[in-house]
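Consider the two complexes below, in which subunit A is the common component and subunit B and subunit C are the respective partners.
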Partner chain A sequence: MLTRILWIARITFLEALRQRFLAFLLVLAAGFTLGSLPLRSIDFGHGELKFLADLGFGALLLFGSVLAVVLPAQLLYAEIDNRTALTLLAKPVGRGEFLLGKFLGTWAVLGVFTGVLTLLVGLILVGREPMVAARALSLQLTPPEVDLWGLCQHALLQWLRLGIVAALALLVGALAQTFLYTVVVGSMAVLAGQLVWIAQDALARPDGSPLGRAGLWVTTRLFPNLQGYNIGEPLVLDPSSVPEGTVLSLVVAAIAYLAVILLLACAAFRRREI
Partner chain B sequence: MRRTAWVLVALLGVLGAGELSSRAWSRARAVVPELRRADLELTAGQGVALGLLGGFRPLLADLAWIRGYVLWERQDRTCEAHLRTACLLDPHSNYFWENRANIIGLDMAHWEIRVRGGYFAVTEATQQAIFERYARKALAALEDGLPVARNPAALLALGGYLAETKIKDPLLGAEYYLRCHRTPGSPWYSAYFHARLLRDGGKERQAYEWLRPVWQDKLSKREDGSPTELAFLRDCERSLNIPLSARIPPHPCESEPAR
Partner chain C sequence: MTDLPAISVTDLTKDFRVGIRGVKLRAVDNVTFSIPRGQVFGLLGPNGCGKSTTLKIVLGLVPATSGSFTLLGSAAATPEARARTGFLPEAPYFHRFLTGRELVRYCARLSGVPAERVESATDDALALADMTEAGARRVGTYSKGMLQRIGLAQAVVHDPELVVLDEPTAGVDPVGSAAIGRMIGAMRARGKTIVLCSHLLGQVEQVCDRVAIMDRGRLVLEGRIDDVLARRDAHQISVEGLTPAARAAAEEALARHGARVTSVEHPRQTLEDLFRRLVTGSRD
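For the complex of A and B:
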């Protein structure tokens, strides 16, 4: 079973690498990340390294999210529309295996995307660090430091986050009938995940009616909180400010969500008409 | 039956994952910049939606600031919404909080007076009421920034300045400078300004009794011995008729010996 899943994942990965969409988004994100260098001249006192890190991580978040929604939907519907899915599923390949293979292939591509952009952001930060530190020392300020371990942790968190997004897109794709519907609903789910922290913060306050609080509780449990994964800047530039165990708890939560969403996606895909 | 079991398992899985996610967020929340719901409702819509999605916040904050700056140059009060957006998107930046408060507290009152016909048309009492109203608005903006700004001491010092010069309330100013003095990274003058404003507010003895130990324990150990603060304390000693034996002993930083 695992061999079949990995085989489908490998084919999906190679097929995804050939997609122009991936190349386009990669170039766009890299261009945006590199564009932060001249853009830093309009910075109003954020601190140069923070500005560069935020823009690089922003590019990873935005373009990565677009890729994580569109790519799995595109790959899934290409198989269904070209009838290759029928051929594949006629062999002794289960529908669940097919979907998991698609997910792993897509997730591997997202890993490449995350790795390339993280490397680029890391090079920019490490390249600028001596200049910024020298300037800070001349002004008798504490020089900022780039924590490369924090950068690796952020890359892992983003990869997991993109994995959740891709899994959500596959879940929607397993239920929906058209590519466009999948992309639109998948994007909405990502948006909800990005904004669910508002409900979590509201729930943390003691005020509110019991019914409203119950609604908030259900909302915060249904949607994964994707905003929690955007802690790149403190992880890289101020790791001491990140409470101990934060990264581990985010990793555990992401793995739990991945398992549940993929389970639901496989269950939905089993009943889907192809 | 089997289907119900599957639904139950799926539901439990989702709720379990949600619980883990909530716990993870409670840890991560400490390092994610604070965004307040009240601010979201009042903020100009442009860019906020994207800004909320994380990333790009500094760039969007800068763009909002530039837009606000253009409106400020035209003396357009709608600039405030853009300045608020900038503060919301990058709440750690002192630049945004300080300049937003400066624009509200120092400039907007003048704009309103001009709109009402100018300084000759508006009575002094009305002018003062306008200055006070905007300064209080600026103080409210500064208070919003205190828990999140990188250097809250600078915001408190600005609060003291606005309270003193625009609201003309020395005791309120003294309170701000005291809070500033107690905040890490406070400027050297915060202690002196607190004491001076206390005296201006009619609490000279309290000012003397507060500044004296601060000068003796901390300020006198500075390289120059803080002669301005010592001169202030000598003034208080004279006007309060402190007995010679109870006064601060002469200090090398004084240009003339204490009398």
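For the complex of A and C:
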């Protein structure tokens, strides 16, 4: 079973690397990240490194999310529309194996995307760090430091977050009939995940009607809190501000979300007519 | 176990819901037939008659609305049964960036061929499909005929007992079609059961042992090819050197026995035979 999943993942990965959309988003995100360098003088009152990190991580968040929604949907529907899925699923390949292979191939591409952008942001931050530190010392301020371990942790969290988004897109794709529907509904699910912290905050307050609170409770259980994974700036520039165990708990939560979402996606795909 | 039919379909029905209102469209209507092992079975019918849907149901790609079927003795298209089945879908499309050899190797791994046997199985399948030389080229550069042949190679790479071919000659020129016909013959010689959907009736007539004809989702005829094509109420006698006098004497003799000559024609060769005789070599 594992062999078949890994073969499907391998072919999916090779196919995804050839997608022009991936190259387009990678160039766009890299351009956005590099564009922060000439704009660093207008840092809106924040420190320069914080400004550079925010723009770089923002590019990873935005373009990575778009890629994580579109790419799995595109790859899944290409297999179905081109009838390659017919050829594969007529073999002793389970539907769940097929979908997991597609997910792993897509996730590997998202790992490449995350790695490239993280490397770029890391190079920019490390490159600017000595100048910013010298300026801070001349002003008798504490010089900022770039924590490379924190950068690696952030890359891992973003990769997991993009994995959750890709799994959500596959879940919608397994249920939907069209690529466009999958992308639209998948994007809305991601948006809901980004905003679910608002519901969590509201639920933490004691006021509100029982019905409203029940709705908030369902919302917080239904959608993963994707905003919780955006802790790149404190992880990289102020690691001491991140409570101990935060990264580990986010990793565990991501693995749990991935397992549940992928199980649901496989169950939905089993019923689909190819 | 081997006495069981390769495929047995009983009262199979499939309805699709189409449009926003979910109007019911019956694609397969109460179809029953059985395909014995070791035979070439032709499933015929016009476009949209339900042939491909029937095959997809049997292969587990589409659920049936009602009825039952067995595939190689299994009551469903289990992974074990599918591991002993090869399938070439209609108008196959494969990953264009893979070479033919990589594609067949990929399908071999998915079909459960052990790692140490993948290369030899790939070589055999490419040889059967006459794609050994073209195996090094990317699939994106293949002609339609080559796509069909590489599709055939991926379908048989794991040496299945049953091979299902859905329109293997669609879009292929007569020379390529004849080559595919020879491959089907080679598989039959190896004892495979073959299910063939095709619009090339001449080829079906040549290679199939049994045929079934579907129309509007229903099975309208099923049986041995010799039985369904033979006209029991008429006979044909071929004669050389027939003079007008001999013909008149023969007609008179037949009339004395209560028989009547309804037509006298020169035997014709088929257009396919003529074409294949005049045009040699593959354009692939």
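Here, the second predicted complex is superposed on the first by the 274 of 274 C-alpha atoms of A that agree within 3 Å, B and C clash if a C-alpha of one lies under 4 Å from a C-alpha of the other, contacts with A are read in each partner's own complex, and residues count from 1 in each chain.
By our rule, a contact is a pair of C-beta atoms (placed from the backbone, for glycine too) under 8 Å apart; a residue touches a chain by one contact, two chains touch by 3 or more.
Everything numeric here is computed off the predicted structure, so don't read it as measured data.
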Touched partner set for A:241, first subunit B, second subunit C, both or neither: first
Touching partner for A:225 - first (subunit B), second (subunit C), both, neither: first
Which of subunit B and subunit C A:179 touches, first, second, both or neither: neither
Subunit B versus subunit C as contact partner of A:89, first or second or both or neither: second
Comparison of subunit B and subunit C by subunit A residues contacted: B
Subunit A partner contacts - residues on subunit B that touch it in the complex: 6, 10, 13-32, 37, 52-59, 61-62, 65-66, 86, 90, 92-96
Complex interface listing, subunit A residues touching subunit B: 39, 42-46, 50-51, 54-55, 57-62, 191, 194-195, 197-198, 200-202, 204, 220-225, 227-231, 234, 241-243, 245-246, 249-250, 252-253, 256-257, 259-260, 263-264, 267
Residues on subunit C engaged by subunit A in the complex (per definition of touch): 56, 59-63, 79-80, 82-83, 85, 87-95, 97-98, 106-107, 109-112, 151, 154, 164
Contacting residues of subunit A [partner subunit C, same complex]: 3-4, 7-8, 11, 14-15, 18, 82-84, 86-94, 271, 273-274
